[in-house]
Amino acid sequence: MLTVDRLCAGYGGGIVLHEVSLRVRPGSIQAVVGRNGAGKSTLVHTIAGLVRASSGRIEIGGVHVAGRQPHRIAQSGVGLVPQGRRVFSRLTVAEHLHLAAAPWRAPTSGGEGWTVARTLELLPRLAVRLRHRGCELSGGEQQMLAIARALLGQPRVLLLDEPCEGLSPDLAARVRELVNGLAADGLTVLLVEQQLQHAMEIADRVAVLEYGRVVYDRPTAEARRDPAPLAAMLSVAAVAPPPANRSTPRLWADTP
Amino acid sequence: MTGLLEAQDVSVRYGSLAALDGVDLRIHDGQRHALIGPNGAGKTTLLNVIGGSTRPHRGTVRFDGRDVGRLGPAARARRGINRIHQRPAVFPTLTATENVVVAALPRVVGRRRWWPGGRRRAAQRLAGPLLDQMGLTAVAAVPAGHLAHGQRRQLEIAMALAGRPRLLLLDEPAAGLSAIEVGRLVELLQALPRAVAVLLVEHRLDLVYALSDTVTVLRDGQTLAAGTPDEIRTSPLVRQAYADGVA
Amino acid sequence: MAAGTNRIDPYLIPALDGVAYGLLVFVAASGLVVCFGVANILNLAHGLLYAIGGYTAAALLDGGWASLALALAVGVLAAAAAGVLLAGLLTPVATGNHLSQALLTFGVALAGGSLLVAGFGPDNPQVQVPSALEGSVMIAGHRYAAYRLVFIVVAAVLAAALYLVVRRTRAGMLVRAAVDDPEMVACLGVSPARIRAGVLAAAGALAGAAGVLGAPIIGPGTGTADTVLLLSLVVVVLGGLGSMAGTLLAALAIGEIQTLGVALLPSAAPFLLFAAMAAVLAVRARGLAGRWRTA
Amino acid sequence: DDAPGTSAGGPIKIGLLASLSGTYQAVGTEIRDGFQLYLDTHDGKLGGRQVDLIVADEGNGAQTAVPAATKLLKQDRVSALTGIVGGGSVAGVTPVLNETKVPLVGSNGRPELKDVSRVWHTSYLSDEPGAAIAQHVRDNVKGSVYAIGPDYQGGWDELRGFTDAFGKIGGKLANADGKTTFTPFPATTNFLPYFARIKASGAAAVYTFYAGSAAVDFVKQYAQSEIKDIPLYAAGFLTEGGVLNAQGEAARDIYSVLNYSPDLDNAENRAFVAAWKAKHDGSPTTYALASYDAAAVLDRAIGAAGSDPTPEAINTAIGQLGQIASPRGTWQFSTTTHSPVQKWYLRQVRQDGRALSNTVVGDLATVGR
Amino acid sequence: MRGEVIRRVRGGIAALVLVGLVVAPWVVDDYTTSILARTLALALVGVSVALLTGVAGMPTLGQTAPYAAGAYACAVVGSRVSDVGVVQLVVAAAAGALLAALTVPLVVHARGVIVLMITLAIGELVVIVLGRWRSVTGGTDGLAGIPAVRPFWGLPALADDQARYLYALAVVATLVGAVLVLLRTRAGLVLRAGRDDETRLRASGHRVALHLSGAHIAAGAIAGAAGSLLVVAQQYISPADFGFDTSALLLLGVVIGGTASVGGALVGAALVIAVRDWLFGVLPGHAPLVLGALFVATVYLLPTGVNRARGRLRPPGVPALQANPPAAPDQATVAELRR
């Protein structure tokens, strides 16, 4: 359970997030969308403890964590896939996986634990790059590594900041499918995503952030029923209809 | 008609891994060419070879009829090859405006560019409208290191345009941009002077089809197919390539 | 044949000594390798940590093996504690912010150095080697200090251990990861502050050990800290910042330059070290020029 | 500010500049303590006037010494300056001395100076120890001598003093090209490669000059090297003061030449050593002695300078002092170089009770120009 | 708003300092004046260090090399050729620039700590040469007896501390002004960009090596000119003036001043050198201890210096984060936060 209540945060001299409130139940996916610079990453970073909250509450599993050191928050089960990958440039893929693996931590409720073998099965390209260093990977490979790194920490709360950026469409679809499965296993997921139709595919709720404020926060089903306000807010033509079968990767998902 | 850019038989090896293996590419003036393929196919590597930051093991790169294989990235930029990077690369302590000014300096034209400070002033005049086009006016005075991810990408596009490119190399320009920004980007690219050639790497195929005249599909460092967007869209080979890229 | 041997003969001992001296420099520098080479924390107080070990040795050694063990234990602990203290002082300075780190650690080195001298006096104290090692041994007809021979073994063991720790253990990986992106390390649930304290403690322990063991060769005194710091910095940077094999090679090269080089070219002796260093670094930088900031 | 010099019987300001931090701290402390000892044993008075001793830190050399001296001369307006460890510092301070016209009674370093009208030294000229011992080495060593020293002005002078005098009386150097070997200073911490060359040269003895930690390194490595059986002659600083303690057993039997040894048998020395030992551990060194003598010189000069001891008057008075009784024996200023004409002693490191010490084993020449 | 205030305050402080410097010789005693003159020379070297370290991103421990070249060139010219200040300045600056130009191939391709070590080696080599080339440099004991300088043909020689100080002040002010103007042209902008990301700068078509060489040579010329001021200020030079500790203190001073700011470098370097010189006089034997403690304290007390050295955090004077949303309420929050 992740609760954000009247959260304010910013950098140096200015405030970026203004009284943001969100509530993500275990087993559900909360999507956050919004224009560039709206404060999505700031929100994610504040929850992870990387940006200091100036006021407001952040609760994880009922425990107030705002103001804690980032490593403490990570220890309480928060996993982060940051925007821009941020893989360790001088560590090899194998070392990344070794470092991130936390087999001693209890696996996510309901699901089996994440092992190196299981992540490599999910992201086979990494398996053939095990001895490459972070800086030698292609953009997409780095993104895969960032996802693998977060999963191996056996998170209970997963913060995904545009996890599909740079992934080929099929792989992106598979990642979304995976996230969906994780949520079904009881994980709490906060998903930042630019492409609304992709977010709506799997999310239970959609929130829109505008200038650091939550201006829209509804269940996906409701948003689908009445797509106009959302579409207007993001000036997208229309909200895509629910996919017929969520588990099949749709190869040409982007084809207009 | 000879092409603006002719890359022949380009190969790049990293240890035992062939990132590019005998790739040919030809782009003529004003052509909009897209490069697609699964992750790790070698798209960025090919852009690096053309931009001069990676030296190929084999093969030649000719630009505007001359062999540029021995030139570094700076010299190629001065000849008109400008690019944006897959990971937005900006000058973090410089403001957005200053970023654009720096990018514009080498190829700026202005009547007084030989006067002291003249070049800088000419570049400065260019920066405002470019930032405006990218929707960055509000953050023009913010150091680039403090911009959001998507804003950095937009800034880098503005920088690439400020260099008055003849060939624009775009590595996933739309990644991380919101719908509004993507729309703006499409408009901008479509409004580019016809003489500017574009080489676009993108995973969003809707954009590829909307923006490109021709498409090359790479996979495992080799050219899998090339043709018009319509040909590529219907080619079963290409679908196969993507599917295998996942498994 | 005989003439040939004769021509080589005078250089035999310098060449051997170059190895011993190089290894001494390596041991002295090993703490800085961990601290600066691997963890990217510029610690200009490294010489001070070494001097702590040296003064401990001078105070405790009485010519017996037991006192050596005691001095080693005390020296390592004291220097490690100083390292932790330094980590505490460094808390507000970001990793990789070399200039501010330099400012702070240089200050600590200045102040700490004068405290040490105030405590132990300005004279170089006497250091007593265990009597078994005091003498010299004969090698190929030449006399050579026994203690320096022992050093060759100690340093070899240390080099191997360091390599294993840095390359193969989780701790080594964490340290290297923290250099790249401390925030992401924190997001893996490990406190970067603790990593930093650990690194400085380890660096301190190594420097303390080096100070105790090296005291009979580079003894404690007012200039010791500066000498050790300079040599260590040269070795670490020449060795390619963190590469264990490179550091060892660089240390050996420095050793040979300072002994064999001096024996062969005495008139150029003052220039050898710095000229070689500038040349090597400049050539290597040229090679790396393309690679530096692309990563 | 009051002008330099004061009304009859009033206090007088003396500036003492010495290395109280850095590489030469050991020497600097001895210099300060030697001067202070004289004051303490003379009611804190020089020439009947209460002394206001202002101490400043010379640091590692000219670049810190110059501002510190400037403060003493221009802000504190001392009537005389004393101390100064490094020759380079003296050279650096000279322009300010000339500007303020204050005399310097230096107690250690002495560079080559064009104009010594206001500069006096109670120590020695750097080439004198070598010149004093040359004859003894010539008489006692059967074979050639290897000369080696540190590569800076002090080292050049010390070694030149020896090699010039030694050559004049027919001595032969063992060095390959007949010229002294100079080791980078202070960078050299490992002397083994030089020892290999000495061994190869077939020298019958070695003459050297080192001080401070270089002296410790040199002597310790010498004792473990393959030339440990070759007799070692040196300017006395090689085994003087604290370094001897650090060298320990390795220093045994080394011969050295110096203008002082604490075991000299005369009344002044007995009183001086006793007073020193009452305050400090160990015996006084030549550094302390020179500074003690500088105080004695000032004592007599201020007394002779009359009711208004201006810097000028003090300077003139120093020039007229004549013989000075001192723990090292009687000496006097040379009229040309303004440094002592004094007797030099041959000493050897020998067991003295529980500790090793420099024991006088003979008198050498009286030297001074 | 806040940036404006800060800029005003800074401008005010700068003006005050300048006025203070001009009237100083009439207010303080000779000793302080002479120390100030010497400090000005070193502060000018500090400016050249800042130019390389902060602006061009080449942290240097070797600016003592061109500094020494300038000083010795000036001393030699002063005692053998001409006592005219302008001539000496030009010769010294040229000597510094020449030495810097000779070392360009060593440094332009290196970055970060590697530059630090290469420049350290260059500085040490120069000091060694100075100590051994006795016919010209007077060896380790240095050169004394350099005749007093006359600023310009026909003017009287500078005989007292006051005059020497004012001469140094005039030269420093002129050169610093020139540097500030230079940094406002595109050269300054491009150098800063290169410090941020060289690869990106190349990709935009700039000749990075050329810019860096230019900066290096210019910094060498400034350091050379400072060398001539040192000769004027203390009429004596020796290799000890150009040793490693001078480089180290200058670099630290520049860090304290905030590496990228010329004014900061001037003040920081001057402060460090002045405090050291002052401490050796008033606290004999404890100067290193106090100086060391001061360095440590500085890191804590001057977070701006620290942060700007890092070059990541927001420099003062940058406007608020984003285009503020039209609504008003957050203005209060922002204001609260800033207090």
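Which chain is which? They are A, B, C, D and E, in the order written, and residues in each are numbered from 1.
What we mean here is this: a contact is a pair of C-beta atoms (placed from the backbone, for glycine too) under 8 Å apart; a residue touches a chain by one contact, two chains touch by 3 or more.
What you see is a predicted model; the values in this text were computed from it and never measured.
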Remotest chain, chain A as reference, centres from CA atoms: D
Of all other chains, the one whose Cα centre sits farthest from chain B: D
Chain C and chain D: spacing of chain centres that average the CA atoms, whole Å: 35
Whole-Å gap between the CA centroids of chain D and chain E: 38
Whole-Å gap between the CA centroids of chain A and chain B: 28
Distance from chain E to chain C - Cα centre to Cα centre, in angstrom: 32
Shared-contact residues (touching 2 or more other chains) in chain D: 21-22, 25, 151, 184
Per-residue multi-chain contacts in chain E, two or more chains: 128, 132, 197, 199, 286, 288, 312, 314, 318, 321-322
Where chain B touches two or more other chains, by residue: 53, 139, 146
Footprint of chain B on chain A - complex, ascending: 11, 33-38, 41, 83-85, 124-125, 129, 136-141, 144, 162, 165-172, 174, 194-196, 234-236, 249, 251-252, 254-256
Interfacial residue positions of chain C with respect to chain A in the complex: 170, 173-174, 176-177, 179-181, 183-192, 294-295
Residues of chain B defined as touching chain A within the complex: 14, 37-40, 44-45, 86-87, 139, 146-151, 154, 171-172, 175-181, 183, 203-206, 209-210, 233, 239, 242-243, 245-247
Touching residues (chain side chain A, partner chain C) in the complex: 48-50, 69-71, 74-75, 78-80, 82, 86, 88-91, 95, 98-100, 102, 134-135, 149, 153
Interfacial residue positions of chain C with respect to chain E in the complex: 42, 89, 92-94, 97-100, 102-104, 106-115, 118, 233-234, 237-238, 241, 270-271, 274-275, 277-278, 281-282, 284-286, 288-289, 292-294
